[in-house]
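The next part holds the structures, each set out as C-alpha cells.
Look at the two complexes coming up: chain A is in both, with chain B in one and chain C in the other.
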Partner chain A sequence: MIDKQIKGYEDSYIIEGKMALPYSYFAGRVGSKFITTIRDKKKIMGVKCPACGMVYLPPRQVCDKDLTDIRDNWVEVGSSGTVTNFTVVRYDDKHLPRKAPFVLALIKLEGADTPFLHIVEECKIEDVKIGMKVEAVFAEKTTSTILDIDHFRPAVETLSVHERSKLRKQWVPSDEPETQEKRRGGKPDMSKPVIITAALTGAATMKNQNPSVPYTPAEFAEEAHKCWKAGAAMVHVHARMDNGFATHEIDRIRATHDAIKQKSPELIVNLSSAVGMGKTAEQRISQIVEIKPEMASLNTNTMNFSIIDRKTGKIFIDYVFENTFTMLQDFGKAMEENGVKPEIECYDMGGLDNTMLISKQGFFTDPMNFNFVWGVAGGQAFRAETFIAMMNALPPKANFTTCGVGTDEFPCIMQSCLLGGHMRVGLEDNIRMPNGELAKGSYELVEVAVGVAECLGRPIATCDEARAIMGLRKK
Partner chain B sequence: MAHRKKNRNVGIIGVGQTKHSSHREDVNQPEMIYEAVSLALQDANLTMNDVDCVVHGNMELFEMIHQPDMWHMLGTGAYGKDSIRITTGGTSGATISCAADNLVASGMYDIVMAIGFEKLQEGHTTAGITNMADPLWFRKIQAGALTGSSAYDVSREFGLERANRVSLTYRIIMDKHACLNPNAHRAFGLDFSQIDDLIKSSPKLVGDLKLIEMCSQSDGACAVIYASEKKAKELSRRPVWVRDHIAIHKEEIFTIFGYNRAFPVTKSHKFAAEQLFKRNDIKDPLNYFDVFEMYDPASWWAIDWLRDFFDLKGDEHLRLIEDKEVMIGGKLPINPSGGVIASNPIGATALVRVAEAALQVRGGAGDHQIPTPVNHALASGFGGTMWTVLTMLEKELNW
Partner chain C sequence: MSKRIAVCAVAQVKNEPEYAHMRFQNMLLECFEPIMEQTGVTFDMERGIRNIITCSDDVFDARTISDNGVTDVVGAHFRGEEKMAQESINGLGYAMACILSGHDDVILFMGHCKESQGESRRMATNLACDPFYCRPVGMDFQNVDALQAREYMEKSGVTEEHLAKIVVRSRKNAKKNPYARENRQVDEKEVMNSPMYADPLRELHVYPVTDWAYGILLCCEERVKEFTKKPVWLTGYGSCMDRYFIGDRDLCSNFSLKQAAQRAYARAGIKDPRKDVQLFELSDHAAYQLPMWAEGVGIADEGKGGKWIDDGGMEKFNVNLSGGHLNGNPLLLGGAARAIECYYQLSGQAGDRQVKGVKRAVAQAATGGAGQHQAVIVMEA
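This part shows the complex of A and B:
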C-alpha cells in the first residue's frame, strides 16, 4: 500500500504513522506541594536558596547554582508579578491550552527571582508588554495541575497615596481661601490637603507593648518608609537606643534621622525636643540645633506627665514635665534661628495662651503650627467643644493638627480633619487599631487617617504640599 | 574551571556531508547516513576497517524511533565496532565532535568517526521539543520552538529600523554564501537591494522574527573522522588540528528568555567563549580567528550572539554586519557554508559547523572557500534552550 507519494519520487514509499503514547510523571514532594498549595490555599510558594539567595519559582529540591538542598526552605511569593518576556501563539494544536491566538508569558512573581510560564488573558494581545504587571486568576475548578492558576490578567495598578496625590493639581499657598472667620463659622476649606503625621515611637512605648515600635535607625527607616507609602507626609521621632531607652545622644539621633531621610528622601522628619523623661534643657535642645531637622516639637507648659492606670486610677509613674516660659522662649528662638519650624504642642488651653504671650516677642514666623494633644495623664482629655474653643483661639494664619493618647486618637483626628486641621497618628500615641487589635505598625494607623480624610473628601497632602502649608523649607 | 591539556593531539582527517534538503524520500535514514559516511571515508582515503569507534547522535524523538544507533548500523559501518550514542538536543552534533575528540585524545582509540544526522521531515519537531518541558508546570502550557526575543532585544537597544536592516543584511549574506555551497538546502539568490521589500513582505512568525530570517527544517547527515596526531600525520597531508572544545549546559531555560537583570545570568555563549579563550590565552578573538562557523538558527540570534561570542562593545557587532565584514572576503567571515539558516538537519547541524570549519582550514571548501589563508577557525553549537559547545581548529600544531 502506498500511503503517500511526492512528485519526483514516484519510485519511493512514505509510511504515514501516528503515535499517542501514555506516560506518567512522578512530580516528587517539592513539585507536588507547589501544586497542592495553589490548589488548596490559593497561594504560590517558591523555595529560597540560603546559600545564594535565589528564590526559585517553580520550586526545586536543589539549587542548581551551588547544589544546596533547599527542599524545606519554602517562601510565599506574591500572586502578582511582572511579564519578563512573552510570545503570541498563533497556531492551533491539540496540546495547546487555548485556541490561537493567545499569549504565553514568562512572569516573575513578586518575591521570586526566576520567571515562570503562564497564559496572559483579559487584555488585547497587542497590549501585552514586557514589564507589564499581571496578577494570577485561580481556576474555579481544580485539575491539580499548573492550570489551577487559570491564567494571569493585567493587574490593577495600585498607586500609593502620594502617587495618587501627585496626579491632582498641587496645592500652593495662594490657594488659601480660608480665613479665621470662615473657620470660626465651621466652614473650613475641605479641598485643602490634610497633612498626616506618623509619630513612630514617643519615649515610652516599648516593643513588649507593640513589637513594631522601632529602636534601631534601620527599624526607624523601615517604619517611616511604610508610613510614607501609606500616606504620611511627616514622621515625628524620639530616637531610641538598641535597648529601647529614649536617648539624647546626638550621634544616635542623627543616625536615626539620616536613615529615615536616606530611605524616604521626600519625607519630613520632625524631631522631639522633649526626648524623654529626666533630660536636661541643654540635652533637649542641643540635638535640635546640631541636626537641624525641618521641624521639631516645642512644648508649652510645665505639667504632670505621668503614667496612670486608666481603669483604677493607680499611679504607675509620676513625673513633672518641665517647660518653663524661659524654655519655651529659648527653645523657640533656637529653632527659628536654625531654620527648624516649631510644632507647638498644646496639652490644654493654657499652653496655647503661654505661647501667645511669648509670641509677642515676635520671633515666631508665620504660619505657626500647633498640635492639640489629648489624653496625656496630666493634660486634658479629648472633648469636641474644647477642640473648637482651642481652634477658635488660634492666631490668624496658624495651622493646627492633633493627636490623642489611646482611644482619644481616632475621634480627635476625625474632628481635626472635619474642621480643616491636620492629623497625627502612630504608636507613640496609640498602639491599637479602632477594633482593639494591635496595629501592625504606625503605617496601619496612617491608613486609618487616610480613610478618615477620604470619607470627608479631603485630599492627602504630599510632602511638598505639607511643606508649603506649614512653611517649611526642604533640606 | 578545571581543564587539562590533551593527552595527545587530535586531527580531523576526513569530512563527508550529504546534500541537505527538505525532502529525501529516495533514501531511508541509514541510507542517508551511508552517503555521509562513505564520503568521509573517501575524503580520508580510508575504509571502515581503519575506524576504531563510531560516535552517533541526533535529537531524541524527532524521528519517533528508539535506538537509532541500532537501526543505523546498516549505514554507519559500526558493525562489530565500539559504538557510542550521544544526544544533547541541538548541541548533539557538537557534542559528538567533543566525544570523538576526547576518545582519540585519551588514547583509547586512534581513529574515531563522528556521525550526526536528522530527517526532520519524518517526525514532529514541536512534539519532540514539547517533551523537553517539565510536565508538572510547563508542558500543559508549552508552545513550539520559535522565539522573537532577540528581535525584541536588538530592536529595543538599537531601534527597529536599524535592527531590521542588520538582520536582513546578515540573512542575505548567508544566502549569498549558501549559493556557493552545493550542499546547502536553501539558496534563493537574494540580493541586498531586496532588504526593504523583504522587511515588508516576509511573514512574521513571532514578534519581528520573519519567515525569511528563520532556519529551515532539513534532512541531512554529516560524518567527520578524527585521528591521533601520529595517525593523522601518516594518513593525511592536511590534517586539521582540534585545539580545544568547551561544552556548557546550564538550566537557564526560563531565566534566559525571561532575562532577569537583578540576577544576571551570563549567557552560556558568552560564558563558554570567555572560558575557552581564557584558557587558550586568546586575548583578541575577533582578530585571532579567520573564520567562524556559527550555529545561527535565525539571523536575529546570529547578530545578537556575535556580541556574546567575541565580547564586543556597543554596536560593534552590528557594524561588522553593516560593513559586511562577516561576508567571505571580510574581516571575520561567518558561515561561508550558508550556515544554519540555509540548512538545518538538527542532529547534524552542529557537526556540520565543525566539518565546514575544518574544510576552510584545510582549504578544501570549494566555491565557498574564503580567499585568504585560514589558520584558526571557530565552530559553535547551540541547543537545549541555551546550551553552547565551542570548538577551536588550527592549521598548525604550534600553540
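This part shows the complex of A and C:
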C-alpha cells in the first residue's frame, strides 16, 4: 500500500511496516515467586543478602556487592513506602500503561533498600512529592506481571504513638491527686495518659504456643523494642533459658534486662519476683536485689496457680503459688530499700486486703501501684463489678493497672482504661488477637491496647510520663 | 601507556530530522566513497580492509541483525564484518582491539541510524527494559533520564536557567558546524517556556529525532603514512557498566563515567584532565547531562555543575563546540559524532569552530537510560 509520497520522488514509495512478534518469557524461579506472591497473596517480597544486609527489590539470585547467593533468602517488605524520586510523563505513547499525564515514581518500600519504578495515582499530580508515603493498590484482574500491583496511591499518614506524643502537651502530676471519691463517680481524669505494659513471656507460655515468645536476651530485646515502638512504656519480664525454661539465674536475668535496656534505653523494665514454678523465696528476691530494675512484681497471697482445661475442668498441672505474709513483707521491704517500685499483684480482693494490712508497717512509698489479675486458675475470673469493687478499695493516690488470662485480657483492659487505670497485655497472659488469630508478637496486643485508649480519647503514656505517674526514679 | 592507533579519515552526511528520500544504505554510501577517495584504501585482503565494523540498532532499523542491511555498501561481502550494537564509541574501542592485537592493520568503521523511521524512539528504548519489572510500567530512556535530571539538578545546583543556557548555546554552536542538524535558534525564555515533557525535562531540553550516518578509517601506527598525512591518534579508551536497576544505582554519582574516564586517562597518561586536555565532546542526550558528564570526566567539581556553568566552564574547557548530542544525533551514534568532532579539531579541519592549539581531546558517550554504561576515548593530534 502506498501511503505517502515525497515531492520529486513520485516514482518511489514509502512502505508502512510494523515490528510485532508475540513472545513468551520464562520468568525464572525468583521472578516467578515475586510476581505470584503479589498476584495470589497481595504481598511484596524482596530478597535479603545475609552478608551485607541489603534487601533487594526486585529480587534477584545473587548480591552483586559481595556475590552471595541470596535467591532463597526471601523477606516480606511492606506494601507501602516512600517516593524517593518521580517524573510526570506528559507524552502519550503506545508502550505507556496510562494516558498522559501520569506519574512514574521510584518507590522505596518499607524494609527494602532499593526503590523501584511504578505508577502513582489517585492524587493530584501537583501533590506528588519526594518523601511522600504511598501504598500499593493490587490489581483486581491479575496479569502475572508487575502490574499486579496496579499502582500506588498516597498512604493515609498515620503518626506513630511516639510522633503523636511529641505533638501533645506532656503530662505532669498535678497537686490535686485523683481520689477514690472521684473514681467512684465513674468520672476519672481521661486526659491522664494510660500506661501500657507488655508482658513478654511469663513463665509458662512457650514457643510452640506462639513462636514470638522470646527466650534469648536478643529475642527479648527485639520483642521489647517492637512493643516500645507500638506504644508500650513498660515491659514485664520473666527471663528464660535457651530451651525456654524460666530461670532465676542472676546472670541470665541481668543479660536479658540489659539487652532490653540497650536496645530501648527509655523503656521501663519490670522484672518478675515470681520467676517460675518451684523457686525458693531466696531465688525469687535475690535477683531483684542484685539487678535493681525500676519495677518488680510483688505477689500478695498464697493461692492455687494451676493449669486447668477451661472446657472440661480437667487438671493438667496443680500448683500452689506460695506468697506468705512474711514474703509479702520481706519482698516489699527489699524492693523499697533497693529503689525498686513494687507492682502489687492482686488476684482477688484478699490479696488487696493482705497488702493493706502489711502496708500499716509503713514501708510502701506512695503512690502504690496495683495490678488486678484476672483469669488465673486459682484466682478470680474477670467480672466488671468485682473490678469496680477492687478499684474502690484502693488506698488514696494508688494507681491500678490490669491484666487478664486468655480472652479476659481485652474486656479487663478496656474496663481499666475506661475507669482511669492502665493496661497490661502480652503473650504471658494471652497469645491471640481478639479475632482468635495468633498474635504476631506482644507488640500486636500493644496495638490493640493503643486502639482501646484511642477510642476513649486517652493519650498513651510515654516512658517518662509512666515514671511520673507511678513514682519511679529513672535509673 | 598503551600503543596508539590512527584515525586516517572520517566522512559523514549531515544530521537531518528526516532523510525521507534516502535509504540508510545510500546514506552510508555517501560516507563510504569519500573515505575511499581521501585515503586510497583498497579491499585487498593482504594490504587493504579485510575487516569492517558497523554500528546500528535492530529496533531502529526494524530488522534483527541490522548490519545485514548494509554489508554490501560498506564493502563487507567476502570479508570480516562485525556489528557494534552498543553505543558507537565502543566500536572505536573494538577497532583498537582488532588493530592492537595484530589481527588487522586497517579497520573501516561505519554506522547509521534513521531515528525518523520508527513511530517513537521512546518505544524503542522501552524495549531495552526488562519485560518483568520495568517495561510494563512504561520505563523508557527519557522518563528515566528525567528521574536522573531531578536528582542531579538538586545535587549540583543546576537550575532551569542553566538548562536554558545549555540549549541556547548548543544550537548556536551547531550553526558553525556544517554537519549539524539545522535547528531553529531559540532564546532562553523560549526554552524555559517550552512544554514540560517528563518533569523536570522540557521538550527543548531533550535532543531532537535525527537521522545520520558516518564512516571512519582507522589503521595501525606503522602504516599510517599510506593513508593520510595528518593522522589523529586514539591513545586511551575505557568503559564501565553500572548496575541495571535504576533503584540500585546512585543516579547522580557518575560512578560508571568516573571509572571509564579514569581507565582511559590512565592509558593515555593523563594526570589532570583540566590541564592535559584542551577539548571535550560530551554526549548530552538531555541538557542536564552536559554539566553532569563534565563532573564525571573531571572538569567540573563534584556537585558543583551549576556553579561550573556560571563560571564559564563550558567555554573554558571547550565543551561541545559542535553543538553536542543535544543539537541532534541519533541515539547510539552520539559517541561516533563526538569522536569525529574531536578528529576535525585535532586535525585542524573544524572551520569556524576551530580551537587553536588543540593537542588532546576527549570524547564521551553513554548507553542506556540515565547513563548506565559509559565510555570515554582520548584522541591526540
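Going forward, the second predicted complex is superposed on the first by the 313 of 475 C-alpha atoms of A that agree within 3 Å, B and C clash if a C-alpha of one lies under 4 Å from a C-alpha of the other, contacts with A are read in each partner's own complex, and residues count from 1 in each chain.
In the analysis below, contacts are C-beta pairs under 8 Å (C-beta built on N, C-alpha and C of every residue); 3 or more make two chains touch, one makes a residue touch a chain.
None of these values were measured; they are calculated from a predicted model.
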item: Touched partner set for A:P97, first chain B, second chain C, both or neither; value: both
item: Which of chain B and chain C A:I250 touches, first, second, both or neither; value: neither
item: First (chain B), second (chain C), both or neither touched by A:A139; value: neither
item: Chain B versus chain C as contact partner of A:V89, first or second or both or neither; value: both
item: First (chain B), second (chain C), both or neither touched by A:M19; value: both
item: Intersection of the chain A residues that touch chain B with those that touch chain C; value: 6, 9, 12, 14, 17, 19, 23, 25, 27, 31, 35, 58, 64, 85, 87-91, 93, 95-97, 104, 106, 108, 114-119, 145-147
item: Complex interface listing, chain C residues touching chain A; value: 20-21, 59, 62, 119-120, 122-123, 126-127, 131-140, 143, 146-147, 150-151, 195-201, 243, 245-248, 251
item: Chain B contact footprint on chain A (complex, rising order); value: 6, 9, 11-12, 14, 17, 19, 23, 25, 27, 31, 34-35, 54, 58, 64, 84-85, 87-91, 93, 95-97, 104, 106-108, 113-119, 130, 145-147
item: Chain A - residues contacting chain C, complex; value: 6, 8-9, 12, 14, 17, 19, 23, 25, 27, 31, 35, 56-58, 64, 85-91, 93-98, 104, 106, 108, 114-119, 145-147
item: Partner chain A, residues of chain B touching it in the complex; value: 23, 25-26, 64, 126-127, 130, 134-144, 146-149, 152, 206-207, 250-251, 254-255, 257-260, 262-263
